Structure formats: C-alpha cells, structure tokens
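Look at the two complexes coming up: subunit A is in both, with subunit B in one and subunit C in the other.
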Partner chain A sequence: MNNKEFISELSRRLGYTVKDATTVTDSLIACIIQDLQEGKNVTIQNFGTFEVKKKMERISVNPLTKQRFLVPPKLNLCFKPNLTLKEKLKSNTSDD
Partner chain B sequence: MTDKTIRQDLIDFLIEHHQMEPADAEAFVKAFFTLIEEALVRDRYVKIKGLGTFKLIEVNARESVDVNTGERIQIKEYTKVSFIPEASVRDAVNKPFAHFETVLLKDDVHFSDMPESSENEENTVEVQDVPSAENASNSVLQSEPVSEAPSRMEKNIVMRLPWCMISAILLLGVLVGGIVAWMLGSGRRYIPESMLHCYFENQKPAETISSDKPDSVMLAPVVTVAVRTDSVSKKSVTKTDEKGKTAKEEISIRKENLSDTVEYDMTGTKTTYTLRSGESLARISLKFYGNKKLWPYLARYNKQIIKNPNNVPVGTTIRIPVLVPKRTKSVERPSN
Partner chain C sequence: MNNKEFISELSRRLGYTVKDATTVTDSLIACIIQDLQEGKNVTIQNFGTFEVKKKMERISVNPLTKQRFLVPPKLNLCFKPNLTLKEKLKSNTSDD
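Moving on to the complex of A and B:
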C-alpha cells in the first residue's frame, strides 16, 4: 500500500476529505519526528516504539581493495514492533 | 516521562494545532496506526510519505543451539517488521552528526580500541574457502606466512633490543652517577682499613732506609708508637735528652707520616704554604704530615687567616705548624 492509497483509505474511514487527512497526517508525522529529534522515544500502544539509536564510529575494510574507512558515528531511527502487533501479524500471516 | 512520547501526547499535539475535537483527534491517531497495521497484514508493505516504509520480511526457519542446554533447536520461520525511514527523516534524526564524513584511513593509522570489520563478510569467507579446496595452492599459501612470521619476529626483536639497551645503560649511568655524587657529597672516603695498613707498611721500610734514626720517625699508627715507646723506654734510662732530639728530628724531615690516634702540640711554624686551586686543608695535611685527618691542627694554627676551614680561598698563605706528640703520654707510658 503506497501513500496515496493509505491517505484515501484513512479519509474514507474517518469521513475526512483527502486534503484534511493529508494535512493532519503530515502534522502528526512532523510531531513524531520532532520528538525523535529531541531524543525522545515515541511509543504507541499496541503498535510499537520509534526510537533513535546511536551507532558508534567504526572502521570498515573494503575486502577487494583493502582500503580502510573510518565510518563516523550516526543516529539511526529504529522501529520496534510491540508484542501485540507481533502476535497479530503472526496469526494473520499464518492464516495466509 | 520526559524522554518518552506516548499516544496521548500526539493526540494533545493534534488538538492544539488543528483545533480538533479531542475525540476526533484520538480517533484519527488510533485509525492511523490501526490502518498501518491492517495494511501491513494485507499488502505486507505500507509506504507513508514523510515517515518511511514499513515492510514485513519473512525469516526462514533455521537451526540454532539452545544457549542453556546446548541442544540443537529449530527456529521456525517468522516474519519481522522492518522499518526504513525516509531519507529526509533519516537526515533530520541524524542532524547532530551530519557533519561527519567517512574518511579513508592511511595504512599507518591504527586504532587499538576498535575492531576492524570487513564490509561484506560473506565475500571474505568465499575467498577463504577457495584455497582450502585446492590443496596444492593451500600448501603454498600456508608456507608463505610461515616464512614471513620469523622475519617479522626478528624485526620486532631488533626493534626492541635498542630500547632495552638504552634503558639499561641509562639506568646504570644514573645509578653510578648517584653513587659517585653521594660519595663526594658525604665527607667519607671508602678506603678500607687494611689498605691503609698496607700503604703504611710499605712506606715504613723505605723511610727507615732513608732516615738515619728510624725510631725518631713516627710511622704507622699503633705499631710505630709501640716501637717508639720501646726505644724510648730503653734509651730513657741512659739518655734523658734523647726525646728532645727526636722532636728536633721531626722538624728536619719534610714529609712524615703522623698518626691521628695521638694528640699533638703545635710548636712553632715549620714553613708557609700558599693554597692553589683544588687544594683543601685536608690535602695540605696529607702533603705535610702524610695524614689528612690532621687538618684541624692547620685550621687551629691559622685561626686568624682561615675563617671557614671548609672553604679556604685560593691564594691564601697559611703557616704549617710543627706537630709534636704530647709529652705527657709518651713519658707516662714507659714509666708504666
């Protein structure tokens, strides 16, 4: 399901226009990202957790050229599904 | 919690910014996430603009070992949720570290605290497997590192040896220097008593030959005193003024070995002497009396000239007294 389908489905369910649904979705996502940037974890009940993890710098070696690179540290956005979500997906996929 | 945002916070945010009814906002947030969930189940893939892509990834069944029991266990196939953030989101989250760049390291740069990892490990594993299949090439490959290893070891030893030597030499130098400085600093002279005896014994016969009257000369400490007192006791019976003579004889002999075990009287100036650089009272005492321990007599005799006996300026002319053993002792002894 791509973004267009997602928004239209959302507007249909809630009775919003597509435009309204888009703006509200955008602001919701903006809110989530803003919190993540502040270093907060965003936890949604029965869904999962968005969190920012720090990856340390490391040295990687290109096995072909034997060149060594120092890879800088970075902050990564991770999503960790909740147990209930996992269970739902498990049961649903097993049904398929 | 300050570091945690829950669903209610998002709802509050929507209420604030869009003047939505709380019930509507809650319904929206709820619908948003349940729709993602349902879409995942249906299409196994949801792409949301501005956030990222959720995907279901199937993980094949595999074998593993139970950590506690050590038994082989089968892990069933399952699906996991993967979330790939959009590029814009990724950059926004990584903003604090955005200015870092991957740097190509030079060969001589090493970090001891970081393990080096190959970019794709599968590739290296394949490379290792190939030689193991061909035995011939394998043996050649193996022999090379073996021959290389000792040469490397030698290099290490050669590199390490100078360090050891330099440090050992430095340590030795410091120790020897310290001992010498201490010996010079503290006034003691570590010449063993036996060596002094040898020295005096050697000088004794030489002087007995040179001087006409050996009993008049005072030589080594205890032995000579005994000899002298013996001779005096013999002669004291017959000639009482012999002692006077012996005293005069001392004056005539320029260099003599006086013992520091006997006390002396200073009877007149023998000669004068001008100090040169590098000379001390002890040195002069050794020169004139053959015993450096007699320098206090010099200091006492030259009280007016020498202010500090430990530091006599060069060019000072001092008087050298004639030292005569105290009469009382030498007279009393024979009578006993």
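Moving on to the complex of A and C:
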C-alpha cells in the first residue's frame, strides 16, 4: 500500500476528506520525528516502539588505501512491534 | 515519550481534543495493521515503509532432547526509514 492508498483508506475510515487525512498523518509523523530527533523513543499503544540508538563517532580505515577517517555520530532508528501486534500477525499466518 | 504524552502532543498540534486525537491515532494504526496482516507493505511519505516478511513453516530440533518439532509460519515485521527521515536524524546528531 503506497502513501496515496494509505491516505484514502484512512480518510474513508475517519470520514475525513483526503486533505484532512493528509494533515492528520503529517502531524502524527511530525510528532514522532520530533522526539526521535531529540533522541527519545516513541511508544504507540497496540502498535510498538520507535527506538533511536546513538552510534558514537569512530575512526575507521579505508581497506584499499589504509587511510584512517572519522565516521560521524549517527542515530539508528529501529521499530519494535509490541506483543499485541506480534500476536495479530502470528494469528493471521495460521489462518492462511 | 509514552502513548499518553504522544496523544497529548498530537492533540496540541492538531487542535483536537485528546479523545479525537486518540481516535485518529487508533484509525491510522488500524489501517497499517490491516494491510500488514494481509502481507502487504505500507509506505508512509516522509517517514518510511513497514515491511512484512513471511517466514515459512520449518522443522527444528530441540538441542537438549534432539526431538524434532514443527515451527509454524510467521510474519516478521520490520520498519525501513526512508531517506528523508534518515537525513533528519543524521543532521540532528551533528548539531549536538
């Protein structure tokens, strides 16, 4: 499902216009991103947790030229589905 | 940020009541989960893609008792942040 299909499905569910559904989705995403940028995890009920892990600055070596260089710090983002979501996905495969 | 904080931040941004913000979030999550359960990936603009990978049924062996058993099929969920999000997280660590 691409973004367009997602927004039209959401507008159908909420009884919103596509424009309002887009605004709502953008705000929700902006909320999540704002916190992730501050290095905070974001937990959404019945869904899961977006976790950011800070990878520190480190020195690495180019294997070809043997030259050393600095790798800047980085925020790694991962999503951990919670138990409810895992159960829903599990129960679904067994129905196939 | 836990779910309660997330909902109050979202209601502040949208100018909604907490109840409406909860309804909107639940609908958005339900949209995503419905498609994931059907084995379809979900892409959200400026954010990323939720991907489901089906792990087939397989036979495994208990290392202690050497007994063979059937591992049921499973849907594995992973989230791939898109480039926009990665850039936002990257640019943020360099500001620290």
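What to note about this one:
Keep in mind that, in the parts below, the second predicted complex is superposed on the first by the 87 of 96 C-alpha atoms of A that agree within 3 Å, B and C clash if a C-alpha of one lies under 4 Å from a C-alpha of the other, contacts with A are read in each partner's own complex, and residues count from 1 in each chain.
Definition applied: a contact is a pair of C-beta atoms (placed from the backbone, for glycine too) under 8 Å apart; a residue touches a chain by one contact, two chains touch by 3 or more.
If you're wondering where the values come from, they're calculated on a predicted model, not measured in any experiment.
Taken together in the superposed arrangement on subunit A, subunit B and subunit C clash. In the superposition on chain A, A:Leu70 makes contact with subunit B only, not with subunit C. When the two complexes are overlaid on their common chain A, residue A:Lys90 makes contact with subunit B and with subunit C alike. Which of subunit B and subunit C touches more residues of subunit A is settled by the count: it is B. Within the superposed three-chain model, A:Ser27 lies in touch with subunit B and with subunit C [touch as defined at top]. Legend: residue contacts after superposition of the two complexes on their common chain; A:Asn3 is shown touching both subunit B and subunit C. Looking at the shared chain after the overlay, A:Thr17 reaches neither subunit B nor subunit C.
Superposing the two complexes on chain A places one region of subunit B into the space of subunit C, and among 27-35, 243-251 or 261-269 that region is 27-35. Shared contact residues of subunit A with subunit B and subunit C: 1-3, 6, 9-10, 13-14, 23-33, 35-37, 40-47, 50, 52, 72-75, 77-79, 81, 85-86, 88-90, 92-93. Chain contact summary for the complex, subunit A toward subunit B: residues 1-3, 5-6, 9-10, 13-14, 23-33, 35-37, 39-48, 50, 52, 57-64, 67-79, 81, 85-86, 88-90, 92-93. Per the touch definition, subunit C reaches subunit A in the complex via residues 1-3, 6, 9-10, 13-14, 23-33, 35-37, 40-47, 50, 52, 54, 72-75, 77-79, 81, 85-86, 88-90, 92-94, 96. Listed in rising order, the residues of subunit B touching subunit A in the complex are 2-7, 9-10, 13-14, 17-18, 20, 24, 27-29, 31-33, 35-37, 39-43, 45-52, 54, 56, 78-81, 83, 85, 89-90, 92-97, 100-105, 107, 111, 114-120, 123-124, 127.
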